[in-house]
């Protein structure tokens, strides 16, 4: 049983890392700010979600598992809202590229 | 060369890099940023000294760690005051640099 | 009397050390809550009490003949912090108390909360910052742990910087920012030294360090970096750029506090570091370098003072020069036999020089401020007739000058006499030459100012503001203190030497 | 073992790279944004150095609050064309050589420690039980070196007073000039309604648990201050004018209680800042709670800056 869990963890974490990589590549390659924002937020949220999913079996107890999930939720919320704010600032011509 | 030694070298280099920025960069905002860099370098050296002193089942010697917590708060207070002074100077004179001719007569002496 | 760690067996009656720190801090905290008008009252109430505490400590140390120590929180070093007051700190605390009382009386007229408003910015800030500077100076003098001294230095800096830009003019904001940047650069260097010392010896307590210190690369690096940091805060010659605009731009009472006291705080730590923590480390080369920087400060400071057009800048550059004098004592206190710094008459001379400069410079900045208020400007060329208008102020300025030049019976004279004597005894004649040249240059710009002030004005001088008598009296009192300091030579004992680790050598 | 060493070396290299970049980057705003990332990575290094208390402080104050102040300043100074000419090339080379020597010297001294590493860890551990605290760092901060912690709180108050004293005379007693989103954007309001409850729970938890596990007054206070600033920036709460009595009272409640308990040590225990036997823990927790309140208000007002508008306008 533990082997299955370990395999699942490795797979999930690797997939998560891949999405982070994809997000970074998007950040470097995409032409303007809005698309870069899009790439970063989508990829990183999904990547983090996968990594945390992978780490859940290793958590020492339900409390620590809940803490991991709350980390993910907080990053989700703050990431999404900050992206909205930056996008609004860009659209109003605040921040030039 | 364990991890602590590497972080020590990293801290020492940060002190040098930050010092270079603090002395040579003309913009006061960048000087304050460089000061924070030097500060974090020094605190890392405190952390390495603490890690070396780990004993009796503790991850590190708590005394330097407590000193670092106090020093971080003091460094923050210095940064906050420097930034408030800089912004107030920018409002009062429209420019934020240190070598303008404002205190010229002091220069001319 | 003192056990191994430099602690008296029982912390007898030295609770006064704690009071000297805690009372001004309590004053700061209370005035912040109670608001502007109360801040002034609290400060004026605390002035005599603080003076009384400083005198109690001075009496306890001098009559008891041994240094006081107080273990804070009942945890002895290396874990805990101890407060130590030896002869050195007792004399400096007395000087600080006297100067702050005089400046407090002087500042009542300039920093009074107007009747129509509950709280005004400048008075509220000034009185709290004055109390904060007092508590920071007291901690610098009695602190026994290098990290507590670091926090005290920061307390001193954060209380001094807002004083520079208290009247909000643009150039004072720039001077305050440059001062703060130099100060935080100095404190970072000090911290690097502290971490090296702790990494090598496992303690930051001064007495314990002095027993364990031996010359190895880490200690030499720590000594060099800490000294460099403290020199930046003391504005010794190459690092003096921030001082003139900062001290000249501040209001009269503030520049008196900055020049007389704040600069002495970091200087005192250099003395503590070199004479108490590591007397054997610097060696001949180190002391000669410090002496050379002092000599350069004397020459440059005085020459630049001679060329100033504005009185407050002249007095500020004279501070840069006088700071140079303070560092001449290091090479003269170096005992070639034991290749260590000897706490003898040279140390007494240096502390006497610091005390006489503090009182004299406080008086000079106060009188310069009064002349500025009376004439509306402080151009030296336009000082004609002020001698007749404000005789007491110009007299106080002149007495301060007498002490800086070092004419008998002033404290400056006694300090220079002891330094010259040490120079002759140790055969380092070049320091004697520097001192005499410095004395000549100082008398140069003093006569420059006084001759202008004494010339009768062609047309009657219009008074911008009426100057209250007690302000002039405060400046004169401080100048008289500096003048009569020389008479201490006839007293039988030498207060500074009490509690010095090495046997006091009769000067 | 080598993989974690490789990770550490990679982390140290990354930190060095970002640090150097923030010094040499041309655009100040980009450098400040880089600095915030640098601060968070630094917190990870503190975890690797097994100093969780310091990691919390570095993340909260070192990169969080400092980052916010720097970002605010960088944004306001963007319009200022940087025409200031720095030191000439010869000067830069000289300073560079000096800095390289200092760094090399420090690195050598760090790499070759003394034979017997001096440490106070055993001394702290044996005396910690007496104070009833579980967290050794909190023990050092509040029992062995309580004077430093008290003075440091006074330093924070003085920094705030220094910043307030920069205000123009007409604006004294007025409202600090915090940049506020005038037209309430729905997303920021959503964040300012959702995050503070979580933040307050986390802050209070960090302060409460600080006596036994990593946490403490400073870290908890900073999180609370961040939440207060968020609510003010989103416009849900207006910034309080600085002459309010409750504001001044909360500013000083921490040091006042700490000082009172310290002075009580004269009578109850036998030294200033000593705690009577058996009552150490409750007294320290009381001090920590008061300090957290004070720190939250002080850091909040430090973030808000000097007063700019008098209350009536």
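A few notes on this one:
The letters A, B, C and D name the chains in turn, as written, and every chain counts its residues from 1.
Just so we're on the same page, a contact is a pair of C-beta atoms (placed from the backbone, for glycine too) under 8 Å apart; a residue touches a chain by one contact, two chains touch by 3 or more.
Note that the structure is a prediction, hence the values are computed from the model and not measured.
In this structure, the chain pairs C-D and B-D differ in their number of contacting C-beta pairs, and the larger number is found at B-D.
Centre-to-centre spacing of chain A and chain B amounts to 32 Å, using the average Cα coordinate of each chain.
With each centre defined as the average position of its C-alpha atoms, the distance from chain B to chain D rounds to 13 Å. The centroid of the Cα atoms in chain B and the matching centroid in chain C are 26 Å apart. Shown for chain C are the residues in touch with two or more other chains, namely 79, 147, 151, 154, 158, 161-162, 165, 168, 173, 192, 198-199, 202. Touching two or more other chains at once are residues 102, 106, 110, 113, 118-120, 124, 144-145, 148, 152, 155, 158-159, 162, 166 of chain D.
Counting partner chains per residue, chain B has residues 15, 32, 45, 52-53, 63, 67, 70, 74-75, 77-78, 81, 85-86, 88, 98 touching two or more of them. Looking at which chains touch one another, you get A-D, B-C, B-D, C-D.
Across the interface of their complex, chain C is touched by residues 15, 22, 28, 31-32, 35, 38-39, 42, 45-46, 49, 52-53, 63-64, 67, 70-71, 74-75, 77-78, 81-82, 85-86, 88-89, 92-93, 98, 100, 102-103, 105-106, 109 of chain B.
By the touch criterion given at the top, residues 1-21, 23-27, 29-30, 32-34, 36-37, 40-41, 43-45, 47-48, 50-63, 65-70, 72-81, 83-88, 90, 94-99 of chain B touch chain D in their complex.
Across the complex, chain C meets chain B through its residues 79, 147, 150-151, 154, 157-158, 161-162, 165, 168, 170-171, 173-178, 180-181, 184-185, 187-188, 191-192, 194-195, 198-199, 202, 244-245, 248-249, 304, 307-310, 313, 317.
Every residue of chain A that touches chain D in the complex is listed here, in rising order: 74, 77-78, 81, 84-85, 88. The part of chain D that touches chain A in the complex is made up of residues 185, 187-188, 190-191, 194-195, 198.
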